[in-house]
């Protein structure tokens, strides 16, 4: 009898990895909380969609990724960018529309990208990312790198044809693709319980012949483990997985949203479910990390975000020259 | 050396030679191999009109059949292009752009600019366009103006087998997203095509015929219609210069303007509908940049502002023909203030 | 008023085992349909009121649609009351709240749709309060179920109804199950079938499927035809469900073990499990858990992280949930002719 | 210039010549003679536009132009009879009959395909070399084109010479249908290709004709194996004298569109009217082939040393003692005719009026005469 080999244990997070994960989550939180404040001053142009509350998802998934791997993101993309290693100062400068930004001030919050890091961009089109990830996964498969593609998308995008087509194609082509449905409960102001006709986004996986699982999005370790399994499976040729991550976003759809459609779930989540709070409690209770180390990270992150904002505000804005450059490689 | 092959063979040969030259070139589309998962041959079709026939056997694993999911596979081609592949996706009919346009114009076309010049997306979307096969309103359109409108895309309209091969190889090697539009009525057109690989640069119009009396700018399949008209006009001692822009984006403005500077008359022939199309665009260009040289109002010969009809007599009326082109030329010649 | 409570867990059947072992998905539509079939059955045996839990997963919504659209010619359903006193939290808390409210509202039987996890939460809610003598009928809609039964809901509904109306006596209809009680610090938690200890550091995505990390296993019963961790004991030293006493097993990585059992520890996963030693576990026996840093799982789900600061104990308790024995109920119904009517021969 | 096909009644059919492989038809752009004119052999009869270039059709025989069958601006297929020449005493009825048959043939288009040169390839040093052969006579002539040219550039020369010799025209590496890789692009590499071609063909003795860069290659080949080369005919050869139009060469190499190329091409001819759109088109089609740009760039490095000539063919010629003839257009703007001074005393030099760098295209008879003179010894 040849026993089925279990996937290797994925919770082998050492101290360094735990601290890194915490740093990433804290950086995202600090980045977003600061933007929340700065946006209110009117200095930040355009739309800003904050990821606060959802940090565990991007962090835990991206903790398994390396330079072979690529991700596609959403309009709520700051967290994915930070977790995939995009430079935080350049991100902040981009959001301020500065020439020192990740996209030289031409993209803004919704289009931060760093292709050199496999970050295919936040995406202003709901459902824009999943087809792209079929492509990056196809490239990895074709090139034999063992790389995977991860599409982050929301409950809203789970209703887009592009997403459903991509799920089907990924399964038909048996691609190393992971579809992470970040269900934060609302597509803009419309509840997922209303707009998603089935009960769970993960249920849709059955229709595409792939595993669909649900994980608690506030629990870093839960997401980490599920993503680890899915990614390892994909790397080994096992095909795509749909992971539904359930949680709540802490702020509105965009900054300025009065959120009159919501009840008190944010206060409850912040108080009892918050991913950073949970993470701190658990790693300190078990003695894996001490409070001082975590506080040290908090301090460093605060300093980084402070510097990022200060530098962004000082940075030059693009000029007329920048208007017509970067449209084509050659034309 | 050059030998005579069809437009279809020229496209196939370009794909084959580029796939041989560069392992990162892959092609995908509905039935591009044809027959995936079916009980018969895996490469039963080689594309709905046989354009990709034979590539599957030669390049196993690099010719991908797709589900009928244009958004997914066109998007996949775009995504793969950002990660080192040079995919050629076949959007079977240009009319189907409606079910995948976002991946082309909001994703592929925008990456470079939106990401501050740091993205390279060498994807080619091959697509079939044009009337003439009684395929009616949803399989016959000339929608390249819609692509031309989008900054970040390059749009190619090969008018002959020679152009088809050289422009497709250029498209595959090009580092920007390219929409490569093949006229379905040209697939059986034959012409001399070198066996060796070659590239025709984008943004360089071909002066198909020299002439001093009138400039005819013709697009895609209309180039051969214009040539027939010019041959007819030559018997009446009217020498038309025919310009095939080859690419609508980039557009070779200089060649058009230089010609009009010389002839003083312009007729634009385009199978597309007239509003916001290439004919209007080229006319505006000449009106703006070469107004002083014009000796007569510009004439546009286009399809009417209607969907493409089905019935044969209607479709024949719909497509610009030699007579309409010749009439337009005469109108510019006869014009008196 | 004769009332029965139905608690249906919307989240069961979607955990990570779909990914790691290809376990099946239990669709919400089928859960809702099970509730509707039970309503028919309960109505047919004279239950007047059925209390139904509410959820955001679509089960209660589907039941509500069924109530509204019930055609006149169909068997009438009992009055359906949705238990919506508490806000839905989309967590196990919802199950506990519903059970408590149903007991308070006078439910004579609680039917629970879910997996081992759901049954465990329902049991804890019953045992912790005045519901300790309210019978539980646990039906399987989960992944990896050792405790709940796979039964057609109609028959389960008939049995529950007969118990609720008193048509079949409690003494015949129910048995008290055993449970494994784990205490650490101030916390107490129950396992209905098995309690396992592993050196894995995190609860993670809950389901347990890495046998190499297992160190200890305690089972209330051990059946050789079970799936889940209890199958390890079941294949090693079977201990029937209806007998007192359980099994304790010490485990280690398979490659270091003197004995290896290939056990179906989850649907789709038959893995070698290393066994060091095993022995019977006596009822009431208190065992000190030897692993101080790790995770304790209950009925195959990781629940409790042991962080090394306080010790933990496990005890095989006699006073588990009072369970409806469907076979016994239906046998008695047959004997008593409860479903029979004879027409006098003319 | 064309094979006379004489009837028993000594009526000579003047047919549309085949100037090059791809020529299918030609258009008479103007007749220089009218019916009744008396002509000598070699007199110019008509200008013929082949799409590639305009050439002059010469009379194959002496006689009287009895009929002009193809009209001015008429396209006639290769091999079609376009005029009849016969002695004055041939009766009109016979002429009429021949004319009627020819006219029918012309109108129907049913003209027998005239056999063009035979195409072949050889492998030398891992490269494929393409060549075209015409004629079967005992003597062998090898034609070597110049920078950016190909075997078809000899279209007006190969056919007339084929009556007297087996005439091969080859494509040098980097050109025509030969492999585009030129290796180091040195004269030695190119001369090695020529030597390899001769080896493969088993040619022991050959009259070599080289134009421009091909002239330098011919010289280098002669220096390598002096005993094998019966004679050299150098047409505006590179590597002699110190004048070279570096701007032309660089412009030609760099031009990436027909519009850029055309002004450079006009420097090749005394009469810029020779630069048809088709000529420029064909060159652009060549330039667009994979590998051509690298080949041209590499060879440019051989041809130029800064703005000065990069080849010393004159030095190499010392190794060769056989007969040398030189043909140079007086209006050559690429390698000026003054360069020929370097060959004074060593070679028999013909300076050609109304010819630029492309003497063999503009005044092909001058080249044909020179080679014929060599063949005559």
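Note that the chains are named A, B, C and D in the order they appear, and that numbering of residues resets to 1 at the start of each chain.
Everything that follows uses one rule, which is that contacts are C-beta pairs under 8 Å (C-beta built on N, C-alpha and C of every residue); 3 or more make two chains touch, one makes a residue touch a chain.
Being a predicted model, the structure only gives us computed values, none of them experimental.
Common neighbours of chain B and chain C, by the contact definition above: A. Leaving out chain B only, the rest of the assembly separates into the touching groups A, C | D.
Counting C-beta pairs in contact, the pair that comes out ahead of the other among A-C and B-D is A-C. Closest chain to the protein centre (all Cα atoms averaged), using per-chain Cα means: B. Once the centre of each chain is set as its mean CA position, chain C and chain D turn out to be 97 Å apart. Annotation: 36 Å between the Cα-based centres of chain A and chain C. Distance from the chain B centre to the chain D centre is 38 Å, each centre being the mean of its Cα atoms. In terms of their C-alpha centroids, the spacing between chain A and chain D amounts to 69 Å.
Residues of chain A in contact with at least two other chains: none.
None of the residues of chain B touches two or more other chains.
Taken chain by chain, the contacts run in an open path, each chain touching the next and the two ends left apart. According to the touch criterion at the top of this document, the contacting chain pairs are A-B, A-C, B-D. Of all residues in chain D, those touching chain B in their complex are 22, 119, 130, 176-177, 180, 256-259, 277, 285, 288-291. Interface of chain C with chain A (complex): residues 10-11, 14-16, 18-22, 25, 27-28, 56-59, 90, 200-206, 209-213, 262, 268-272, 293, 305, 307-309.
Across the complex, chain B meets chain D through its residues 1-2, 162, 166, 192, 194, 196-201, 204, 207, 210, 254-255.
Per the touch definition, chain B reaches chain A in the complex via residues 26, 61-62, 64, 66-67, 69, 71-85, 87, 102-103, 106-107, 110-120, 151-152, 154, 174-176, 203, 250.
For chain A in complex with chain C, the residues that touch the partner chain are 1, 3-4, 6-7, 9-11, 13, 193, 198-200, 202-203, 205-206, 211-215, 219, 221-226, 229-230, 233, 241, 243, 246, 282, 285-288.
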